[in-house]
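Handing you this structure, nothing more for now.
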Amino acid sequence: MPSPLFPASTILALVILATPARAQDGEAALSEASEACLLCHESLHPGIVADWRRSRHARTSVAQALDKGELERRVSAPSVSEELLEVAVGCAECHTLLPGEHPDTVTHGDAQMHVVVTPRDCAVCHPAEAQEYQQNIMSQAHDNLVRNDLFQDLAHQINAVQLWQDGQLATQPPHATTDEDSCLACHGTEVKVVREESRSTGLGEMTFAVLSGWPNQGVGRVNPDSSRGSCSPCHARHAFSIEVARKPYTCAQCHKGPDVPAYPVFQVSKHGNIQASSDHTWDYEAVPWQPGQHFNAPTCATCHASLLASADGMVLAPRTHRMNDRLFTRLFGLPYAHAHPRDPSTHTIRNAAGLPLPVELTGEPVADALIDAEEQAMRKRAMQAVCRSCHSSSWIEGHFDRLDHTIGTTNEMTLAATQLLLQAWERGAADGPQAGDSLFDDTLERMWVEQWLFYANSTRFASAMAGTDYGVFANGRFLLASNLRAMATLLELSRVR
Amino acid sequence: MPSPLFPASTILALVILATPARAQDGEAALSEASEACLLCHESLHPGIVADWRRSRHARTSVAQALDKGELERRVSAPSVSEELLEVAVGCAECHTLLPGEHPDTVTHGDAQMHVVVTPRDCAVCHPAEAQEYQQNIMSQAHDNLVRNDLFQDLAHQINAVQLWQDGQLATQPPHATTDEDSCLACHGTEVKVVREESRSTGLGEMTFAVLSGWPNQGVGRVNPDSSRGSCSPCHARHAFSIEVARKPYTCAQCHKGPDVPAYPVFQVSKHGNIQASSDHTWDYEAVPWQPGQHFNAPTCATCHASLLASADGMVLAPRTHRMNDRLFTRLFGLPYAHAHPRDPSTHTIRNAAGLPLPVELTGEPVADALIDAEEQAMRKRAMQAVCRSCHSSSWIEGHFDRLDHTIGTTNEMTLAATQLLLQAWERGAADGPQAGDSLFDDTLERMWVEQWLFYANSTRFASAMAGTDYGVFANGRFLLASNLRAMATLLELSRVR
Amino acid sequence: MPSPLFPASTILALVILATPARAQDGEAALSEASEACLLCHESLHPGIVADWRRSRHARTSVAQALDKGELERRVSAPSVSEELLEVAVGCAECHTLLPGEHPDTVTHGDAQMHVVVTPRDCAVCHPAEAQEYQQNIMSQAHDNLVRNDLFQDLAHQINAVQLWQDGQLATQPPHATTDEDSCLACHGTEVKVVREESRSTGLGEMTFAVLSGWPNQGVGRVNPDSSRGSCSPCHARHAFSIEVARKPYTCAQCHKGPDVPAYPVFQVSKHGNIQASSDHTWDYEAVPWQPGQHFNAPTCATCHASLLASADGMVLAPRTHRMNDRLFTRLFGLPYAHAHPRDPSTHTIRNAAGLPLPVELTGEPVADALIDAEEQAMRKRAMQAVCRSCHSSSWIEGHFDRLDHTIGTTNEMTLAATQLLLQAWERGAADGPQAGDSLFDDTLERMWVEQWLFYANSTRFASAMAGTDYGVFANGRFLLASNLRAMATLLELSRVR
């Protein structure tokens, strides 16, 4: 505890220095409605309330937020309604917003309250971000998976229970609970109101909306108000911290596995090396974010989302919540890397063979559905503008030339695996779609999936983010080649049947 | 270095502010015996001594520790003997305690000293913790592995050297040193005094106890005094830091592999995401630990061990070193998830087939040996009380419903693999126990082990701790399904022999 | 922002306290040449300039650096030329050094500038470190890979595109760009000047050297000036931070994969556990580095490179950039663990069979090329002197005995796999070198590679660094045994062809 030996002014100074960004916010008053929430919830759920109390939302009124300079501003709405303007953003400000639009609204004490706060609520103060996010392919992650028959077959062959019956495996029908505990945890569930329910609680009889698909914080969640996505996967829980959203651990929640290994690749890149070593000296809260000044290596947010500016206020990269703005190629092989889709809603794409894929099985892109070369070049330049903060032109050109080359060679390695599989189907060494069978259930077919979903993808991610170690032995070229050889070996062994 | 421009009082204040928790401890005197140890050891082993000097033990007498309020107290003994009461906890206080009970005691200078400090020593000040830990299944980890013939066979098939002789593999007998450098590193070795030895040292002729199974810091270590376990795996080395014990990196030492992937699952959970991003603002030293106030996401310790209280002193969860207190199901499949064992000593359990397993090979639990539904419900409620700090009832219910479902489906996927294996044994495609052969040496058998030990386990862990990404492609459902398919493929290929 | 309520002296003091080590450096002036660079580059590449501005180089003149005591000194040159002595180490000091020796030198404004700063430049102030590094096997990583035909074949079978033609796989010729984006990212590319090029830039027509093999920061990079290696993989980019070099995340960039898993092993060691939990209290900048005082668990640098001293100035381990100084055995199996090579240049070694390997295929070492038992013992003692900072003799002996044993057993498990492969070649189950075929293309051959490159290696690393968990199920003994069994199964299945 502070000793009385030194003046109070020093303590104040210390506190101010320790939290420079936050000290600029005032101490906005809470609305009466939010005070009422806290009366019970502060003791019912002390953790979440304390989390919120430390947030910027709890200390800032919208009026204060609107009062900032253009580059410093964190709200994109030009103004908000009178009753929201002068209070901090508390429980009631979000959970009782737009009650008529939320099917999960229930009468809760004096309030019309809904549990599932959606991008539509957030858009009251952050409309630009919400709108951009709807154009972000992530916001459609539920629909793009669930409304695509081919991907549903793959999901089914991953999630379904199999039984051993009469000397062979029998795949059971899918189960919604399994899907929610698997793919949809990241892609987003469909959250629906099943019914209202009355329960006796310590505070008397209360009404609750019983929800299906709940809890979920997937990026493409289908909300009861039919909006898509959720802000909380990145701006987590009730701190809504920009620091958390800018740290790579947040993205890692869905981007760590062998299918989209952005985080493990980052870890073995020089960027990740510096971030892990030096970020105790960074300012993760500053808006705009200044390369070199506030951080000395990029995180995921730096390259894909954040507003970057130089010390003299020149914008190096605008803020965007449409993460594909700086992505010229979709590395994530389905089953080949290809130009980014024009529309975030991809489940309506059909290739020449009628499959819901942005490429043919033999790799040719479905040109109509994808951005053209000009748009690709523009997005590449937008990304390179970020690189240029720290790298020279020759560095940047060399880097992207290698990436282009690697996209080509990994696609070729996927093509070889596909041609092998086509031959296996022809020979009857595996049962393919011509036989009316799943594309994803035989061992050879699953090896084919690993070829593009794990090894080709990972090799490309490792190249794109310069985390090469991951793309050689960990989950990349070594396995890309070994898996193809093993497919050939299995095909040969199957011949003698 | 501090400039003379500002008053010394400010420096003092800064130092105090930087270490608020510790400043509350006095500066207890060292015993003469410990001062004597330091005379030599401070220069012989400067690192470990400096580590201890920064510990709470080095700065606090037991009397000061006893003087704290009930919730703040870190010692559970009502009192200790006169000579321990007023001194800091130094070298001698632990390494010369209860000399008659330690077979590794040697005459060392003026002291009767033992190297291996055991839970029995720690229990002098921390009896409740030591007693709880003996009921913690971890404390029996050595015996439960080493005294179980079936698990010994598995360990043997993992650890033994194999030779290629006459066109086939020949498994060599196990070797104690290998076991110590493998399974027993975590499970704990048996530490025994082999002999006393006299050596000439820089400080003259000295006597040492030569130990087998040393060094080791396994959680179920069998100590020379026949006590089980060790406190140092979590309260590491000589800092005995509660901060270290509460951080997930500590648990990760044994819980990171594909068999018990608690840490990698935590990393891709929202809990882990927030901890990695925000814990520079946390107080990991506070006792009791207040959700929201001291941390805003749980670590392993939060859910499984720590004393949690609200700001107004209400206990949300009592401290326990019997980690199974809040575990209603044992996710760790042996080979199926099942209700937690009643007794921490599991090696005496026998299933109906006579195997030392808590379940039949086809999944039915050995009911007598396991906690009943009532006890399961009580433990589940105890865990949910922790969740409730930050989550609503509907969130919690939805989460645990999914876990229950996933326990069921992963057990079914293990059953299918088992039935396939039983058929392989019948057909002679692998040599099973009926043929007097190991259960774990053939390729099909090892794939069966992977089915439950890696993929079913991981899928359950991912569900339990909401780190779903790990349970899909990294080490979960995709491989759970692929491995089963590959087992069927191998069985089919084996047919033609 | 600081409030006017407290005196400016306090702010100064706070800043000084927050960066104690750096405050000892003066504020050295920049050279006119470096000021000229900054005129443009501060706005062209704000990130990299800001990074450098926070570095020790930017704030210290060589004269100030030379003025330190022997143990504190970070430069090993006894003196430097007059014009470098009194200025900070800025852009021009490195990028215009020794222009005659750098083939990539171009006229750039008033300067003769080269992009690729090499160890020869760094050696002007740090000659001892540069010289040691040339004896470090890492500095020869490019040549040892590229000039070894056998390793080139392995690299080729990993990196090359394969086509599916006429029912079989056809391996395409290697492609330099792929190699640079794969093995050579860590091993180092050969950076060569292709031509000079004139480009119009925002600042007028400028001349640039067009480089092949660029960008690259591999440890064994072959530079345009024919020097080997690069300092920036560890002393990254323009901060040249000793903190970054001492943190394990830096080494992890190349030592994280399943082939050389030093970092994942460290993570599950008690050392890694403590580092991750406690290093916010460490001083990573202190020179010399004092165990216990500045850190309480070793990082990679502690054991392999750093100058360690006790509080009273006794040197516990001298600084070395010849990392093999404390390595008695080369754990990295090629394909067997063996005594460390005498010479860092290993590509000239030939075994009795004429293969460029330090061992026979059946494990016997090529004694002439490797250090002898006496040198091994000396290096082991040097490493153990580091251990002794925190561990007793019996602890250390027990640890190294286990490592020796594990080296033996993992070599035996590699031998069994090799003998099996030799038999497969004999039987025609795989096409080996006798048939004029690659050693690394058949599935059985690739499983053999995994046996030593992944599983035997990892088991040894886990033993050496006491991160046992990694060496059991994650990437060690379980897979070492399973892979061998699977090789036997595949050989048996191949019989029926």
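A few points about this structure:
Read from first to last, the chains carry the letters A, B and C; within each, the first residue is number 1.
Quick note on the criterion: a contact is a pair of C-beta atoms (placed from the backbone, for glycine too) under 8 Å apart; a residue touches a chain by one contact, two chains touch by 3 or more.
Because the structure is a prediction, the values reported are computed rather than measured.
Taken chain by chain, the contacts link every pair, so each chain touches all the others.
Residue numbering shows that chain B and chain C use the same positions for less than half of their mutual interface. Chain B and chain C have CA centres that are 33 Å apart. Along chain C, residues 10, 14, 280, 493, 496 each make contact with two or more other chains. Across the complex, chain C is touched by residues 1-3, 5-6, 10-11, 14, 43-51, 53-54, 115, 157-164, 167-169, 175, 177-178, 180-183, 185-186, 208, 210-211, 214-215, 217, 236-237, 239, 241, 243-244, 247, 249-250, 252-254, 256-259, 280, 441-443, 446, 453-454, 490, 493-494, 496-497 of chain B. Residues 7, 9-10, 12-14, 16-17, 20, 23, 267-270, 272-274, 276-278, 280-281, 290-293, 296, 310-312, 314, 316, 388-395, 398-399, 401-403, 405-406, 409, 412-413, 415-417, 419-420, 423, 463, 466-474, 476-478, 481-482, 484-486, 488-489, 492-493, 496 of chain A touch chain C in their complex.
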